[in-house]
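Two complexes, one shared chain (subunit A), two partners (subunit B, subunit C).
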Partner chain A sequence: MSEKFDAIVVGAGPSGNAAAYTLAKAGLNVLQLERGESAGSKNVQGAILYADALERMIPDFRDSAPLERHIIEQRMWVLDDESFIGTHYRSEDFNKEPFNRYTIIRAQFDKWFSGKVQEAGALVVCETTVTSLLRDDKNRVVGVQVDREGGTIYADVVILADGVNSLLARKADFHPELEPKNVALAVKEIHFMPQEVLQERFNIGEEEGVVIELFGKITNGMMGTGFLYTNKESIAIGVGCMLSDFKDQKTTPYALLEQMKAHPSIKPLLAGGEMKEYTAHLIPEGGYKAIPKIVGDGWLIVGDSGMFVNAVHREGSNLAMTTGRLAAETVIEMKEAGKDMTAANLAEYRKKLDDSFVIKDLKKYQDMPDIFHSNRQFFTTYPELVNRSAHSMLHVDGVDKKTKEREIFSSFKQKRSLFGLMGDAYKLWRAFR
Partner chain B sequence: MHIVVCIKQVPDSAQIRVHPVTNTIMRQGVPAIINPYDLFALEEALRLKDKHGGTVTVLTMGPPQAEGALRKALSYGADDAILITDRAFAGADTLATSFALAAAIRQIRKNMPVDMVFTGKQTIDGDTAQVGPGVAKRLDFQLLTYVSKVSSVLPEQGQIVVERRAEGGVQLLKSKLPCLITILEGNNEMRFATMPNMFRAARHAVKVWDREAAGITDEDIVKIGLKGSPTVVSKVFAPTPHTEPAEMIEVESGHPKDIADTVLAKMFTRFPAVAKEIAKRA
Partner chain C sequence: MIKVEEKLFQNRYRVDAGRPHINIREPEICAHECKTQQCAVCCPAGCYTLEGNGRVVLIADGCLECGTCRIICDEHRNVDWEYPRGGYGILFKFG
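Up next, the complex of A and B:
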C-alpha cells in the first residue's frame, strides 16, 4: 500500500530543511527524503551562517543551534605570490546582540536543523534516494519513486531540494546538464588547534570570529576565491574556482589549496594545526542567467538546484533557506485556498522570489560571471600591480615618492594600456551597479 | 517464536584515532554504527522470522543516542525496540552489562515468552565476547557460541540445530530452547530495508526504560554501572609503530643461489632464535 503526503521534500540541506520545517509547522503532512546517512552528511559549506534567513523561521535559533563564533572582523586580501594588500574591517558593533553572522560546522548544524524539522512534525527518512518523479496521464508530478522495495510514494506536490547536481531535476528534464562554466569546484580543510592559540593569533575573544576573503594570484588566473574562517577550535580554509577553469588549466583543486596554504601570509595562520577534515563540493555560480525553470505542475525547485547562489557576496545557504521557505509558503497558501498545485498556481513562488533579495541580488550581478570569465586580468595582473605598488611605496631606497608614483602608473599602463584600464573600471562599475 | 536480539551502538572503529600526545581515544566526531557483528545476528533472526513467523525484538543498553541504532534495526524489519538507559548504567563493564541486559530480558518475557536471544560474537570496541555468555548464564539459557548458521528450529519440540565453528571443523549441535546464540560474521548479509519498513522505523515509538523499568531493584544497584564493574582499565596506550628501515641487500654475483645464501645468512644473524629452531629441526 502506497503512502500519500501533502508534500514531499527531496533533500535535507538548508533549502530542503527550510521547506520541510515551514510546511510541517503549518500542519501539512510532510515527508522529507535524504539520500545521505543523516541530514547534512552530503553537505559542504565554509561555513558562514547569516542569521536573518534562519531567524525568519526559527526566531530563537540562537538558544539551541550549534554556532561556532560570531563574526566581528572581515578581512579582504588581494594576494600576489609573496604578499597581500587588503582591508580589515572590525567593529565593536558586531559584538552587539543579536549577532548577524556566525561561523558554523555544517555537520553539527544540519543535524540540529533536521531535529527541528522532525520536532515540527515532518517525517524524515534518510539513506533513501529518489530515483524518479511519478507523473499522471497529464504529465503532472504526483509523487516520487525511491530506490527501495515498495518505494512508490504519492504527494500533492514535490519540492526538489536535491542540491547543485540535481540529478532528479535533470532526469525529469526540468533543466539541462550543468555547464562547467556555471559551477565552481570548492575544496576545504579543517585544521584544529587549541582555542587559546587561535584566539591569540587572530586577536579575538572567546566567542568572536574572523573571516578572511582571499583573492588574486592564489587561483593561478582561474576565476575563483579563497577563504579562511575561524571556528571555535579550528580553522576552515578553502578555495574554489570555476570547473571550466580547472579543466582548461589541468590543475587539481587540492594542489591549488596546497599552494594557497603555503603562501607566506597564510602559512603562519595555520601553523601547529592538525588537519582533520577534507571535503569538496560543487557550487552553482552561473548567477541569474543560469536559473532554470523552477515551477511546474506539482513541483518546485529550491536552493542550489535552482542556482540560487550569490557568488559575489559568497552567500548561498541563506538564499537556500529563503527559497525553501518561500516555496513552502506558496504551497501552504494554495493548500489553504483549496487550489491545485498546478504550474500556474505555483507561479506565485516565482513572484515571491522576484520580490525578495534573492532575485534582486542575483539580477544585480547578472553580468558578473561573463565579465570575470573574459577578463582574467582581475585575477592576475591587478593583484600583482597593486601589491607591487604598495611594495614600491613602502620600500625606502632614496627614490622620491613622485618618481615612484610615476613608475607605478606607467607599470599599470604598460600591463593594461590606458584604454584597457578605463574599460576594466567601466566593466566593474557596470557589474556592481 | 520470539527472538530478542541484543545490539550495541559502537563508534566506527575504522575512524577512531589515538591522540598523539595524551594516548587517549579520540571519539569526537566519530560516527556511531551498529556493532557489525550484531548485524549478522539481527539478519539471522530476521531470516528465522521470515521462515517461521514470530517476533523480533531488539534490545540495547546505552546513552539516549543509541535510539538511532534501534531505529535502524527496526528499518531492517525488527518488530519492537527497547532502549535501557539510565545514569546508573554508566561505566558498566561486561559483568554489569550482562546483569542489566538479563534483567531487561526478564521484563520482556513478562509480556511475551522469549525463545531465543541472539547477539553478535563480540563488539568491535570491547572485543571481549563476554556479554552474550553472561546474559545466558543469568537467564539460565542454553549457551551456543560461535554459531555460523541456524540449521533448523522446531519451536513445537523446543529444539534447535545449529552449526558451530570449532577448531578443525564444524560442530552440528542440537539444543533445547530457550537458548542464547552468539553469531559469527560472514554467513549472511544484512538486507536492504524496504520503504514500508523505513516508514515504520521512522514512526515507531522506541521503548525507553530506565533502571526501574528494566526491572533492577534498588538493592541490585550495586550490580550495574560502575559500581557493578570490577574491571579496572589502568592504562590505555597506542602500540609503538614499527619504524625500522628496510635494508637493501646487494649480492654481487647475481646468481640465485648466492642471493638466497646471503639473504638467509642475514636473516639468521638478525634472528638467531629462528636459526636455532631451524637447525634443531634439520
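Up next, the complex of A and C:
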C-alpha cells in the first residue's frame, strides 16, 4: 500500500466510525484501520446507545441498526450489604417514537456502523494493528506504520480513535501514561435467558428495556458504580471502580462482580440465566481536567483516547461519536479551504468541541472526580445510613416514630458530625451545580 | 474462591502462540523490589499469579486487553504492553 490517503482513521469504535463515515460521506479518500477481526471484536461497552449523536449522522439508523430495547425505565439503587433503597423513573413518554436511548450489543452494533462507513465509500481494513505514527523531519504526522509487510501508509491527516489506552499517542509522546486515578476498570458479564422470562421479571413489553444503576456497598468502599441493562434476550451486568482504588485493596475485579451478583436484591434478576461472555475494559473518567492535547501537526484525537467520557451521566459513546464527527468536519473544512493540516488550523476542532455539549458537560463536572476521590463516605457511610434509616422506619416494633427519627438523626451525626453533614451537602452541591 | 478460568472459558480467543503481547521487563524487579504486586490482584483475567518464592508469573493467553496491568505498574514501569498482532487476541462475541 503506497497510496496516499486524504485521511487515515485508526480504530473502528463509535468515534472512529463517526469520523470515517463523515469524511467518506464528504467524498474524502479515507482509510480506516482496525486491529480486530471485524469492527467491534475488540470493543466493550455496557451498552447504552444515545440516539441523538448517531441520528445527526445517520437519521434513519433505526431502520437497519441492531438495537436491543429502548429504555422506558431508569432505576437507581443505593445498596447496603443486604438491602437497597432507590428511585425508579418510568414514563410512557419513553414509549413514544423516536426513542431516545437503546440498549445495544457492541460487537453487533459496531459491525453495522462499519458497514455504513464502507457504504459511504471508506476503505476499511481489519486485522491490522497500527504500530506507530510516521513523522517527517519537522515532526509532523504523515501516516502510519502497520504490522503487515510493507505496512507504511501515508495520509494528510491521521485521526486517532484507538481507544482508552491510546498507545499511539503515548509512543509518539503526545501524552504521558494514563494515571490510575483517571481510569476506571469495569468488568461485565452477559447472561442469556428467554425473552418472556426477562420481560416478566422486569415488567416490560416486547421492545421495552430497563436500566439499573447501582451504587454503595457493592464497590467495597471504592469509588465506582454497578449497572444492569436489559437486552432483547440477555442481561448485561457489570461493576467498575477507579483503578487507583483497585490498586489499594485485595479484592479481584471478578470477585467484586461475583459479590455484587450474589446481593439478595440482584441475584433473583439473574436467576436461570446462562453466562456467555466475560469482559473487562478501562473507562477514562478523569474528566475535564484530564483531557490531553487533542490536536497537533497532522493528527487529531477523538473518543476515549481523548478522555471524552461523562462519568457522572454514564455517557461515553455519544461523546465519542460527536468528537469523531466534529474532528472529521474540521478536516473537511481545511481540505475544502485548501489549508494544511497543521496544529494551528486543526485547532478549529477544539473550538467546535468547546461549543458543543461535550466540553460544556465535562466542564460542569470538572470537580467531581476530586471530590469523590477524597470523600469516601459517599460510597460507604451514606448508603449504609440511608438504608438503615429506611429499615428503622419500616420495621414496626412498638417504638414511636419520633424516637426513631431521633435515633436516625443521631446515627448520622455520630457517623459524620453536624459539620461533616453540612460539608458533605456543600461538596455535593458544588460538584453538581 | 472464584475461578476466573471458568469465566474466561466462555470467551473466544485467537492466541498468537509463542508471541505474547505483554511481557514483564525485569522479573527481578517484581520479585525483589515491588512490595505490592498488585497486578496479581487487579488483572481482571488473572493473567498474573504469585509463586511461593515471591516471583510473579505472567501468562497472557486469557488477556482481555484492558491495559490495567500497565497502568497500575506506575512505580516500576515494568510491563511491556503492546496490542496483539492484527486479528489475534480476544475476539469479543458481544462486547
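Here, the second predicted complex is superposed on the first by the 432 of 433 C-alpha atoms of A that agree within 3 Å, B and C clash if a C-alpha of one lies under 4 Å from a C-alpha of the other, contacts with A are read in each partner's own complex, and residues count from 1 in each chain.
The rule is simple: a residue touches a chain if its C-beta (ideal position, glycine included) is under 8 Å from a C-beta of that chain, and two chains touch if they have at least 3 such contacts.
What you see is a predicted model; the values in this text were computed from it and never measured.
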*Examine A:Asn165 and indicate which partner it touches, taking first as subunit B and second as subunit C; both and neither are also allowed.*
second
*asked:* Looking at A:Gly338, would you say it contacts subunit B, subunit C, both, or neither? Reply first, second, both or neither.
replied: neither
*asked:* For A:Val187 in the superposed arrangement: first (subunit B), second (subunit C), both or neither?
replied: second
_Tell me the contact category for A:Asn43 with respect to subunit B and subunit C: first, second, both or neither._
second
_Contact-wise, after the overlay, does A:Thr128 reach subunit B, subunit C, both or neither (first, second, both, neither)?_
both
*Given the touch rule stated above, what does A:Gly398 touch, subunit B (first), subunit C (second), both, or neither?*
neither
_For A:Pro176 in the superposed arrangement: first (subunit B), second (subunit C), both or neither?_
neither
*Touching A:Val146 in the superposition: subunit B (first), subunit C (second), both, neither?*
both
*Which of the two, subunit B or subunit C, is in touch with more residues of subunit A?*
C
_Touching both subunit B and subunit C, residues of subunit A_ = 37, 107, 128, 146, 148, 276
*Can you name the residues of subunit B that touch subunit A in the complex?*
29, 31, 192-196, 198-199, 202-203
*Which subunit A residues qualify as touching subunit C in the complex?*
35-37, 40-45, 47, 105-108, 110, 126-129, 131, 146-148, 164-165, 167, 177-180, 183, 185, 187, 189-190, 234, 243, 246-247, 249-255, 258, 275-282
*Spell out the residues on subunit C that touch subunit A in their complex, using ranges where they run on.*
2, 4, 7-8, 10-11, 14, 36, 38, 41-46, 64-68, 70-72, 74, 77, 81-87, 89-95
*Enumerate the contact residues on subunit A facing subunit B in the complex.*
1, 3, 37, 107, 123-125, 128, 146, 148-151, 153, 276
